[in-house]
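Handing you this structure, nothing more for now.
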Amino acid sequence: MANATTSGRLNRFKAMEFVVGILLFGTICLAVLFAPLLFPDGGTKIDLAARLTAPFQSFAHVLGTDPLGRDVLARVVTGGKVSLVVGFASVVGSIFVGVAMGLVAGYYRGAWDALLMRFVDVQLALPFILLAITFFAILGGSLINTIVLLIVSQCVQYARLVRGSVLSLREREFILSARAIGVADRNIILRHLLPNLLGPVIVLATLNFANNILLESSLTFLGLGVDPTIPSWGGMLADARTYLQTAWWVSVFPGLAILLTVLGLNLLGDWLRDSLDPTGRTSR
Amino acid sequence: MIGFLTKRILQAIFTVLVVTLVVAFAIRLTGDPALISAQGGGTVTEADLQRIRVALGVDRPFYVQYFGFLKGLLTLDFGRSFVGGTPVSQLIGTALPATLTLAFASLFVSIVLSIPLGVKAATTRGKWPDQAIRIFSLIGLSFPNFWLATMLVLLFAIALQWLPPSGYDGFSSYIMPAVTMGLILTATNVRLVRTTMLDTLRSQYVMVARAKGLSETKVLYKHALRNCAIVLLTFLGVQFGGLLGGIVVVERVFNWPGMGTLAFDAVAARDYPVLQSVITVLSALIIGVNLLIDLAYGLIDPRIRTQ
Amino acid sequence: AGKLTVSLSQDPGSWDPVDTFLVAWATVATNIFDGLTYRGPDLKLVPGLAESWQVSEDGKKITFKLRQNVKFHDGEPFNADAVKFTFDRLLGDEGSKGPQKSNYAAIEKVEVVDPSTVDFILKSPDPVLLTKLAGYGAMIVPPNYIKEKGEDYFNTHPVGTGAFKFISYEPKIGVKLEANPDYWGGAPKISELDYKFITEPATAVAELQAGRVDIVVPPIIPISMVPTIKGDSRLELMSVPGPTVDALRFNTRDGITADVRVRKAIIMAVDRKTIVDAILAGQASEIVSFQSSLSLGYDPDLKGLPFDPEGAKKLLAEAGVKPGAPLQIDIRGNDATMNEVAQAVSSYLQAVGLNPTIKPYELNVLLNDIIPQGKTGALFQQKWGGWTFDYDNTAYSMYHSGEKWNPYEKDAELDKLLESQRPMTDAAEREKVLKQIAAYVNDKALELPLYNSNAIYGVNKRVKNFTPAPDNRIKLNEVTVD
Amino acid sequence: MIDPILSIEGLSVEFGASRVVDNLSYSVEAGRTLAIVGESGSGKSVTALSIMRLADMAGARFAGGKILFQSSNGPVDLLALSQDQMRSIRGKEIAMIFQEPMTSLNPVFSIGDQISEALILHERLTGAQALEAAAELLAKVRLPDPKGQLKRYPHQLSGGMRQRVMIAMALACKPKLLIADEPTTALDVTIQAQILAILRDLQKEFGIGVIFITHDMGVVAEMADDVVVMRNGRKVEEGDVRTIFAKPVQPYTKALLAAVPKLGAMQGKDLPLRTPLTAATDDGVTTAAEEERIQDTAREDAAPLLEVRDLVVRFDVKRGLFGGVSHRVHAVEKVGFTIYPGETLALVGESGSGKSTIGRTIQQLQAATSGTISFRGRQLTDLNKAERHALRQKIQYIFQDPFESLDPRKTAGFSIAEPILTHRLMSAADAKRKVHELLERVGLTAAHAGRYPHEFSGGQRQRVCIARALACDPELIVADESLSALDVSIQAQIINLMMDLQAERGLAYLFISHDMAVVEKISHRVAVLYLGQIVELGRRRQVFETPAHSYTKRLLSAVPVADPTVRRDTPVPTGEIPSPLRPVGDEPAIVTMSEIEAGHFVAG
């Protein structure tokens, strides 16, 4: 296409974005996938004699050890599994539920809107901890329940956000013209509304992805989460709370792991969004 | 319009009622406050427990307790805390201003930072300011708030001794909590502003605004931003709820006597009156703010107004 | 002169002695109120508002001679009527609303003999009563003040006979006191005493480091922050063995831990010394029975099971436990130290071929549902801190059938032992029985005793003359600040 | 000769790899009007945006050339200025009227805000003064109720009203150079004449130089002093207006002029006439070897296809956010007409008289306040869901603003294929082929299918919309001003396409247009709308040759003639402009129609 190569610099940047994104995210996923091979003990081996070894001191513990003398590197790599699963499942789940709710409410207005939005209001107003404590008191704590809880409490954010955008989009003439053609509501929603409001949804998803990895741990901290011997990035960060002054590495490395994952994901997300968005191709 | 407003306010009240009902019900599923009250005593008999239950009023059937609570609400009597018997209104009286001022200060910090940064990122898309801003925002997302808070405390309160490490007295005590919360909000808002701005900047009316000779600031902040406002406001509404309800960690770290802590402690202690009242007040606020935002949609976008 | 600021981990909510059981309350209240008896940091019982007392032969009557010329902060005199009023209130309707009444259930009534003499008539002898009169619900309160101002006002504006007078209380923020120059024990050396409620450990330490708090009262300083305080030249870490003990108790009813051999194997598998040295940084001491070394009933000669993984494996094999047998450890979700300890325990158990998992619970769910209902895993965390320092207080709750904290064990012999010591008035005699109980429990391996934590105080070096108390009840009238 | 106020020298502009303006030079003198005409997509708008230095902000690159401008601080090369320096020139010294009025107004600000902004900025007026000045400007461009309009928002105005707002905005600071990009496409000829008169007046008064981009040769003849003809990004021919019209040299210019529809060309004919296309080739002008064909397709004997009866559409106007309804726009009042299969009914009338509203109501995009619409004898309100859906295939609506009616995130190909796929008319592969075929029929290429809306020129977008409407074999097309952005040769091509389809399939059109010559050429019958009511309705010949209503007469006499030698001097009009906005309760009088001759009705 004639205009696809508008700005060489922008395109080079985008290519780089993609490469760096794939590299970061791919490496992390691979590492997490092969963690059992790399670290057969899963970072659970306790060595109280070697507790709080600083990083880059010994070959055995390149990233140092935690307060129980476990290898931080092994825990970071192994811990990725729980974190990535929680992050992905909860975000994908809430996007599906929330975006659907928002689209229906915003597009059809009326009773659906009133009903769904009241549900959203209720959900937004309920404090997360109460929800969490009740939820776990009744159903017990497990990874699946954590994910379900996160979905239940977060889908409403997407719903509200999407509804807001739909309200103004649905008055636009290109939506009217799709209606005039007789495009079924479902297709108007999926083909015309959805692509035009995906931007903010992606932003919210990024936020929640990182947030949920961290939340998983604060649930553990409330005593609602999962077995503390199973490592997770959020859990490591939470456990490191009181060691911030004395042993920075215990919190910084899991934090970096989250950062790099989120960074990789974002680069990929932005790249995807840009490639889907026609405006990016010619505007600055 | 008046009719619409009444309808929405009635809906809002109804929603608050549903929230209180859910809360009242949920909290009762998680344990008996009498057991907690009696914990410290020596040998506790069932009679002792019953005595405490009667004193707390939780021996009565659920609906009696709930309606009692509602009746209290009507007269603005929130009852007394199960822990120590302080009137709940007094607790809320100190916690609400603390939370609200902090929430607004944080929102303020976040708005003041995120809008210019987000706009800058959108207009320099792909160049270094954009990159820098995006990476900054991702760092903000990747480390938990207690981490940021603790770092601030270590730097400004302990190493430099410029600011008090915690507490709720005076302007200086606002700085660190508001910055912590504000920076974390900023991290997301920057990205949001950037994305919505990118969509808007393509519009012809932005070009027309430029053709009038308006300064870039006016073009971006008046013409373009207003068209992003619906999304931004919606997001703010969602965040406001999170701010009020999810502020606990930051409140804890800075020892801020706010609603989050109050709610958290009340859940931990199964302090029904405090929890129910706090949630009622918070949900009324959150729902109120979101209602205002819904109304603001019409103010911002006249196309929605005609509906 | 000077102002002292103390950080407290909790807001007690009410200042009324009958309403509370919180240690944080006692930390403050010991400076506002006095009891008839007083127990200082050395845990010796000395006269308080009573100059002396006499216990009758059958232990059912105690006669107190009261101190003269003592006034409450509001000016009304302290006398026998005030004592009677205090206990009538505690045992009457007002007391029924709170948790304290059950601690004083042994008292039948209080009789005024003359303005400076009262008799306590007991339903049954209570060997710990004199200690209990030194704290909590037994604090003497001003009758006229309460009658005039009402109960609610008293809740938030306490008046006592203590070394400091109450000035103001802001819920969730703090409470301010000032010196009582007329204090019967001599005017305090400092003029102002502020307490701040700080829940977050790191925050309390930060405030201490920033010099805005002078004393951080336990139990808030986490072991992990001990080096931070030790590393700060302006600060001093003071720690004394406290009343708090931690154990992992067994589900003796179901599963593999129903077998005493398995329980012993588990105890032998865990290297508690290393745990105490490494994870608790020496801020705790190993225990053999579920009590601290300060407690009445503590037996220094009692020998626990040794750390012996090989022996443990053998015992397990003997009991027919297959390698990889699952085992659940229930802990309090908000206990960071136990979180680490449990993981260490789990790793030791893994080493002898078990397959443990850890399950954290929200505090109240664990305390009021999981444990009392007997829904725990094979092991569950029990933390106990009897301020009376009397093994009876612990042992009876833990081991007597039908007690809340004992969902599993039904042992008639143990019940009998526990019941037998209660009416004893002879302390030495009673101590013997208590030691017997400890040995019995040890023998049956009813729990995996872990450690007795120290009460850790963080103190600014400008504070002088401060003695850390094991029970947090620090009376600050002798303290000075630079 | 005086120095030109603006002169472009060898300008080349590129979007990515494609050069859309190539080595272009022209100049404008103060007090004179330069008309730019040419093929749709030939780079006229891009050149205009380059002068404003907005093209580079939209992703264009200047590959060479200079744009010299006599600014108040002396001559400057606009291409060499920074955006900051440009800012004091834009709006103040050079103003521009943008092509698509719909998307050029910011939807969230009121009209008053948007006009007064430039005044506050450049003329340093206070807010109140600026609003007052804005109201005067609106009155000048002949908007009814100018004070009231200040508080209204773009979506509440009709296409022509928006265009006038844009004109008012551009004139606000009395610039030295005015670039008008198709400024009158949405205006009916009477208002167009008035606006042109105003522009001429201003020009005389302040010595403004004007660049006038248009497809309407009549307007060129009336307004221009000089003409530049463009094609494919290049200048084809340049010269004094009379010379160009009298002695065009280049074949393209000749073809262009030959294709201009002339009012009165159909005199004496009862039915529309399809004429062969005239096109430019390398060695002159050729006319396609096609026969002329009389378009006798209207089947008035059959049952009517569409019947509109007593249609009323009103919009409530609220005062303030919480206020009640104080006024109503009586957009359509008791309108009735029928369309037969194979017939073209033209709907003409003043801007803002309710034409688009009628179209939208027929397409069920707007609820009628009262009245009935029946399609093939069935009332729309009686239809069930499936039937309504089917109807959306049979009736197609082409929106007045092509930009806003295309999804910015979908390619042209997707938009055109969508109706086909929606109604499952053919397989996806066939649809793709059909899309390419349609694109070619409307004068674009198959390659355009992959482009996004913002990558097209105004006329190209309009053709995408036409292709979309044709895609699903409708029975009735409501074409709202849909040939307005096309150059006359493409326009002729599309008119023929429409007529061919009518002949082949018996398609009916409701043709909403301001271009009376085109209307004359293609319509069977004509309805004249004024203030929401039909004032004259009859066969084309009756209405054009024996107009009975005074408004119709005015309309016809206001049509500009494509001959620079006969210039009329329309006086700048004054006085009240009637408005459809009325206080609640103040209902307009309903006109009664009488039949003055068989099939010719006039309000009396």
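Chains: A, B, C and D, in written order; residue numbering restarts at 1 for each.
Note that a contact is a pair of C-beta atoms (placed from the backbone, for glycine too) under 8 Å apart; a residue touches a chain by one contact, two chains touch by 3 or more.
Since this is a predicted model, take the numbers as computed values, not measurements.
Student: Going by C-alpha centres, which chain is most central here?
Tutor: Answer by centroid distance: B.
Student: Name the chain pair with more contacting C-beta pairs, choosing from B-C and A-D.
Tutor: Counting C-beta pairs in contact, B-C comes out ahead.
Student: From the mean C-alpha coordinate of subunit B to that of subunit C, what's the distance rounded to whole Å?
Tutor: Here subunit B and subunit C have centroids separated by 37 Å.
Student: Quick check: how many Å separate the C-alpha centres of subunit C and subunit D?
Tutor: Chain centres of subunit C and subunit D, defined by C-alpha means, are spaced 87 Å apart.
Student: Calculate how many whole Å lie between the centre of subunit A and the centre of subunit D, each centre taken as the average of the chain's C-alpha atoms.
Tutor: 48
Student: Distance from the CA centroid of subunit A to that of subunit B, rounded to the nearest Å?
Tutor: 21
Student: Hunt down the residues of subunit B that sit against at least two other chains at once, touch-wise.
Tutor: Residues 30-31, 150, 154, 202, 301, 303.
Student: By the touch rule stated above, which residues of subunit D touch at least two different other chains?
Tutor: Residue numbers touching two or more other chains: 57-58, 155, 408, 454.
Student: Touching at least two other chains at once: which residues of subunit A meet that condition?
Tutor: 133, 137, 171, 196, 241, 244-245, 277, 279, 283-284, in rising order.
Student: Under the stated contact criterion, what part of subunit A meets subunit B in this complex?
Tutor: 9-10, 13-14, 109, 114, 118, 121-122, 124-131, 133-134, 137-138, 157, 160-161, 163-165, 167-168, 171, 196, 199-200, 202-204, 206-207, 210-211, 214, 217-218, 234, 237-238, 241, 244-245, 251, 255-256, 258-259, 262-263, 266, 270, 273, 277, 279-280, 283-284
Student: Can you list the residues on subunit B that touch subunit A in the complex?
Tutor: 11-12, 14-16, 18-19, 22-23, 26-27, 29-31, 123, 125-126, 134-135, 138-139, 141-144, 146-147, 150-151, 154, 187-188, 191-192, 195-196, 198-199, 201-202, 230-231, 233-235, 237-238, 241, 245-246, 248-249, 260, 263-264, 267, 275, 279, 282-283, 286-287, 290, 297, 301, 303-304, 307
Student: Quick one: in the complex, what on subunit C touches subunit B?
Tutor: 11-14, 16, 19-22, 96-103, 152, 155-156, 170-173, 196-200, 202-203, 206-207, 209-210, 212, 362-365, 367-369, 393, 396-397, 403-404
Student: Help me check something: in the complex, which residues belonging to subunit A touch subunit D?
Tutor: Touching subunit D from subunit A are residues 1-7, 171-184, 187, 191-192, 195-196, 276-279, 281-284.
Student: Write out the stretch or stretches of subunit D touching subunit B in their complex.
Tutor: 49, 52, 54, 57-58, 83, 87-92, 95-96, 98, 100, 103-110, 117-118, 121-122, 153, 155-156, 166, 169, 315, 318, 321-324, 403, 408, 454
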